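Both of the next two complexes hold subunit A, though its partner changes from subunit B to subunit C.
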Partner chain A sequence: MTTSINTLPLKDRLLSLFYENLPHIKGNATPAANRLREMALAAFERQGFPNPKMENWRFSDISQLLETDFAFDFSNQSRPFNIEKIFTCDVYDLDTFSVTLLNGWFVYKNAPLTRLSNGTIIGSLAKAMEVYPEIVDEYLGKAASAEKSGLVALNTAFIQDGLFIFVPEGVTVEKPIQLINIVDSQVPLLLQPRHMLIAEKGSNVTLVNCDHSLTHNVSFTNTVMEVFAHPEAIVDHYKIQNKGKNSALFTNTFFHLQKKSRVSSNIITLNGGFTRNNLHVTLQETETHADLNGLYLVDRNQHVDNQVFIDHAAQGCFSNQLFKGILDDQARAVFSGKIMVRREAQQTLAYQNNKNLLLTDEAKVNTQPHLEIYADDVKCSHGATVGQLDPEAMFYLRSRGISEKSARQLMMLAFADEVVQKISIEPLRQRIGSMVERRLKGELSICDQCVLHCNDKGPTTFNIDMSKI
Partner chain B sequence: MLSIKDLSVSINGKTILDGFNLEVKAGEVHAIMGPNGTGKSTLASVIAGRDMFDVDRGEITYRGQNLFDMAPEIRAREGIFLGFQYPVEIPGVSMASFMRTAINEKRKHLGLEPMSGAEFLKLMEEKKKLVEIQSKLTNRSVNEGFSGGEKKKNEIFQMALLEPRLAILDETDSGLDIDALKVVANGVNKLRSPENATIIITHYQRLLDFIIPDYVHVLFDGRIVKSGDKSLALELESKGYEWVKKEANMAAAH
Partner chain C sequence: MEDKNNDILEEVTGSEYKYGFYTDVEMEQAPKGLTEDTIRFISAKKNEPEFMLDIRLKAFRHWQTLKEPRWAHVQYPPIDYQDIIYFSAPVKKPKLESLNEVDPELLETFEKLGIPLEEQKMLAGVAVDAVMDSVSVATTFRSTLAEKGVIFCSFSEAVREYPELIKKYMGTVVPYTDNFFAALNTAVFSDGSFVFIPKGVKCPLELSTYFRINAANTGQFERTLIVAEEGSYVSYMEGCTAPIRDENQLHAAIVEIIAHKDAEVKYSTVQNWWPGDKEGKGGVYNFVTKRGICEGENSKISWTQVETGSAITWKYPSLILRGDNSTGEFYSVAVTNNHQQADTGTKMIHLGKNTRSTIISKGISAGFSNNSYRGLVKTTRKAENARNFSQCDSLLLGDKCGAHTFPYIEVGNRSSIVEHEATTSKISEDQLFYCLQRGIDMESAIGLIVNGYAKEVLSKLPMEFAVEAQKLLSISLEGSVG
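Presenting the complex of A and B:
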């Protein structure tokens, strides 16, 4: 069912839609999930949508977006859908276990939930709530607090579907799991996928998350993902955002780390209208390790905002943030990285670096480091740079016969490469490296055209009549 | 090959080159010497196309073309090479992709097919020997972490790969120990041919022990005040620049 009421402000519409559609929204969710959603709705009602008066929303104004007359899918509209036929993602033919969400709903290719021979469960969160309610209830909402964020509260109130991954103790999932999020709608759509990744003790899993749009229409994606890394677990997360100019993508990712676990988060923003990444990492127990990398390549009126909060709550933990961005035209970037070191968190190592390359006078970046340190035996550093391409280096390259355009590209690639090199899986690094290269050469366009250009094989493989999708 | 006539160049209103003349023919090696701050490096930069200077007067023709009509990269593709006094470090850009891009953009300009990866790597290995570079350059960033000597060798290495018609070596000898100096000089000598020309800009005579110039010019106050053969360099070494300065000042007084 697609529902739209266009007379009330979005917040009020959502509140009334919640009650009108409650049976649909609840579906087969667990009683605990439904209790959580009622509390979250109250939290959303209290907090509402973010506005620029809030400290961490000062540079990102979404008021115009909230004027849109959005529709909502409260049931799985997923029609017979052959993903390979209409869409090939650039990292797609990597050897991955791949799953797809269409407009926030899990696409049932074979089965809604797959249980691998090693015990790993991958599939639809909605289905997981029916089949594995005890696992879902143990974790849902435990890392993502609805009390501190209106967007998280809103997502939690409307939890229906998303990706569910459970990796049992000691299991290494050989293939990366790839999640492709596609938005395809004839009307402006608000969607709120909810993902959950549980990596039990000593397990090892890689998730590659690709966000794409197949539509020119305005879309509002408000995602929440909770990642639980049990002791000694290793979780690598890659997020590749290549969205249309009319898309607004809010991604709230929460990592919860237990003793000696290691996570990496790599957020690669290649295109997007409005992109906001809230990354919240809690180093709950001792000797954990978090590598948080980001790369954003934005032009025209694109707006990208990365907010990192890293909470050193235990002794002997390591965190490193490296976020780099290249801004062209009138693009705007915001970075805010907060490192909290609590009193117990002695021997903390926490580093943060945000580097920006501005290609025009009109591009703009706001970068803010925050350190809040209550322990005395710590090593913390932060740095932020905003600069242009080095004219000396430009002349050096040109003096060897390299055109101004190629020289710029070489230098931009070099700038971006520091983040690309952090990708530990070789084929993935090559793929993402090549996407970054094509993006900087202007060959990877925004997803208005993504459906035509997202493939190495060239546009001929897609003879799609968009009106029939 | 290169003809500079009555060239006057200033930076922020301050005249650096003032009525400078020079003729360079194919097969020749010219040394331009002079005290610091007399415009030697400015001359090199102006020929290579750095745009921080104002050309107030005069002309430069290169193989019959007005040099000022050509962008720096076009000058390079047409065969001009500047060996930098201070080679620039470019973190993240590998030597291999830098030189391969340069070679292929030049080849495209000349209407040639691009060089394949295998051909290019072979060429790199061959030219590395010329300047006795042992390290794996392929994956190293341009000049990043190179010692002073390595940077200068790297300039000659690039010159060897690009095979210029006109090479301008700006203080390539500065900061080199005697062994590195010999390697650099040896590289330059091997690249010498009747078809190409070299301008060596130097403060000291010692590089000219190894690269024998056809002409030596003394630059003072933005113009050439004295020209001669290699013996002029030796004379300068023994008498110092004061001698030339005095002569120049006397000439100006008359």
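Presenting the complex of A and C:
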């Protein structure tokens, strides 16, 4: 059911839609999930949507977006759908367990929930709430607090579907799990997928999360993902974001780490109208390890905002952040990385680095590498740079007979490569490397993989203009 | 080792504030509280011209519409602005012909502080405009400065004698609408210093003002205005100590600096207000607005500060680099111990072409204190080829303190280069071990390492200050080790 009332402000509409559609929203959700949503709705009502007066939103204004007349899907649209026909993944030679979400709803290929021979469960969160209510209830909302973010509260109130992954103790999932989020709607759509990943003790899992849009319609995606890494678990998470110019993507990812667990997160933003990634990492127990990387290549009016909060709550933990970006045209990038080292978190090692290349005078960067430290036996550092390609390196390459254009591309590639090299899966690293290369050469547009052949020629001509560099 | 360290920590935290004493000087005070009448009283007491009263009243009316800001990383009980005496001046004779006429108790105070005026007079190259509470009581070396055309006097004197200059420059860098404390200061400011360096003059002396907060329950609202005309140079020093008192004292000063074409202003501060006792009781609230503007081409302003005192320090000496090729510098050492809190840093706003700025900040936290660096570097679209380098390091001594860094970087054009780096760590075990095995005791070793750590900033201070600053660092930190 698609519902739209266009007279009220979005916040009020959502509040009234919640009660109107409560039976649909509740569906077969667990009682605990339903209790959670009542509290979350109150939290959303109190906080509302973010505005630039909030410290974390000073540089990201979404007021215009909120004026859009959005539609909502409160039930899974069961129309005939063949994902391969309209979308082919760009990372095609990667052997993965592939699952697809269309407009926030799980796309049933075979069964909504698959249980592998090693005990791993992959599938729809809606279905998991019916089949494994005890697992869902144990974790749902435990890492993502609705109290501090209006968007997280909103998502929690409307929890319906998303990806559910459970990896049992000691299991290594051989193939990466690939989640493809597709937005395809003829009307502006607000969707709120909710994902959960539980990696039990000593398990090992890789998740590749691709965000795409198939239409040029305005969309508002408000995702919340909770990742629980039990002792000694290893979780690798990749996000590849390649969205249309009218899409607004908000991701809120919460990592909760227990003793000796390791988590890596890589966010590659290739295109997107408005992209905001909130990473919230809690190093709850000792000797945990978090590696967070990001790369954003934006041009035209694209806006990308990465917000990282690392909470060192226990002794002997390690965290590293590396975020790099190249900005062209009137693009805007915001980075805010905060490392919090609590009193008990002695022997902490925490590093943070944000580097930006500005290609035009209209592009803008705001970066805030913050440290808040209450323990003394720590080594923490942060750095931030904003600048241009090194003229001396340029001179060196030119003196070797390399054309200016090639030299620039080479240097930009080298700049981006530091992040790409952090990707540990070889085929994925190669694919993403080549996507980055094509993106920098202006060959990769958002319509690349799309077979809709729409008439809107808008975003297809797409080039980083080398003459401007 | 652990025990010994704890002993030393005890010893350091046990050391009392050296400059804590109270001078019993007859006072003339305004009644408690803040109303338009208080402001009229202050203005009348100071024989101010009409325009000054107008500014004060405007600022006061604006202040009434404002709310006290709370975003800084500091905590303190609410301030009752109606429970403060806004004006207190030592009762003085109409004019002071020589030092003999100065209240002997006052002179004694200065002697305890180690700055007897007689000696100061002889100390080559230093003129002292001593501010006891709110009114300047003695000014030296006026004649030497007058020869060069340099004006160095108390602010209230300047209001009376140079109203045109005051009208022209006051509030141009920090308007009363700037923030809550700037509005408050503009409404009730008691006194301060005014410096005017005429075109092409290199000020022959290093100008220096000693501030002291003296009477109980008086807020100190200083106002400093420095104007450097084309091609001039001045080095200005500000230093402060305050006596022990139980109630918190509010200090909300304003410093404004204007540097015209090719001018250079060097502003140095050693701040040692009373930090409160070991339990965090008492101490001065230091909420200061300091800002300079490099108005003309090739001008330069540098801030150097050593902050060891105050229960709460909340200040950001900032620079607006408007003139092309202008330069801004900020060097800071901030030490917090016991329950002190500091939220300090700088703002560098690049507006002109080829503007350059450097920020070096060293924070040292010990005891239960919290020390934050908060800074903004902004280059606008027109600030082509702007260049900034920022480095802020924090040193933690003890596991109950906090060190925080909140930089904000906003870059608005492609040709500027902005770099920021920061580290946080404790005192290096290796360095300590090296010193100890060379027979240097723990206390001296820590003093040595901390002084070495802060050297980069201390070396920027004028000679007289560098010595005092090193002593202050040692007093504040000797022996602290985590």
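In this text, the second predicted complex is superposed on the first by the 440 of 469 C-alpha atoms of A that agree within 3 Å, B and C clash if a C-alpha of one lies under 4 Å from a C-alpha of the other, contacts with A are read in each partner's own complex, and residues count from 1 in each chain.
What we mean here is this: a contact is a pair of C-beta atoms (placed from the backbone, for glycine too) under 8 Å apart; a residue touches a chain by one contact, two chains touch by 3 or more.
Just so you know, these numbers come straight off a predicted model, no measurement behind them.
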Superposition-derived comparison: subunit B or subunit C, residues of subunit A touched: C
First, second, both or neither for A:R400, with subunit B first and subunit C second: first
Is A:E392 in contact with subunit B, with subunit C, with both, or with neither (first, second, both, neither)? first
First, second, both or neither for A:S261, with subunit B first and subunit C second: neither
Tell me which partner A:D417 touches in the superposition: subunit B (first), subunit C (second), both or neither. first
Is A:T68 in contact with subunit B, with subunit C, with both, or with neither (first, second, both, neither)? neither
Could you give the residue numbers on subunit A that contact subunit B in one complex and subunit C in the other? none
Parts of subunit A lying in touch with subunit B, wherever the complex brings them together: 390, 392-393, 395-404, 406, 410-411, 413-415, 417-418
In the complex with subunit C, residue positions of subunit A that touch it: 55, 343, 346, 356, 358-388
Taking the complex as given, what residues does subunit B use to touch subunit A? 48-50, 71-73, 75-77, 81-82, 84, 87-93, 97-99, 101-103, 105-106, 109, 141-142, 158, 162
Residue numbers of subunit C touching subunit A in their complex, please. 71, 73, 381, 394, 396-426, 482
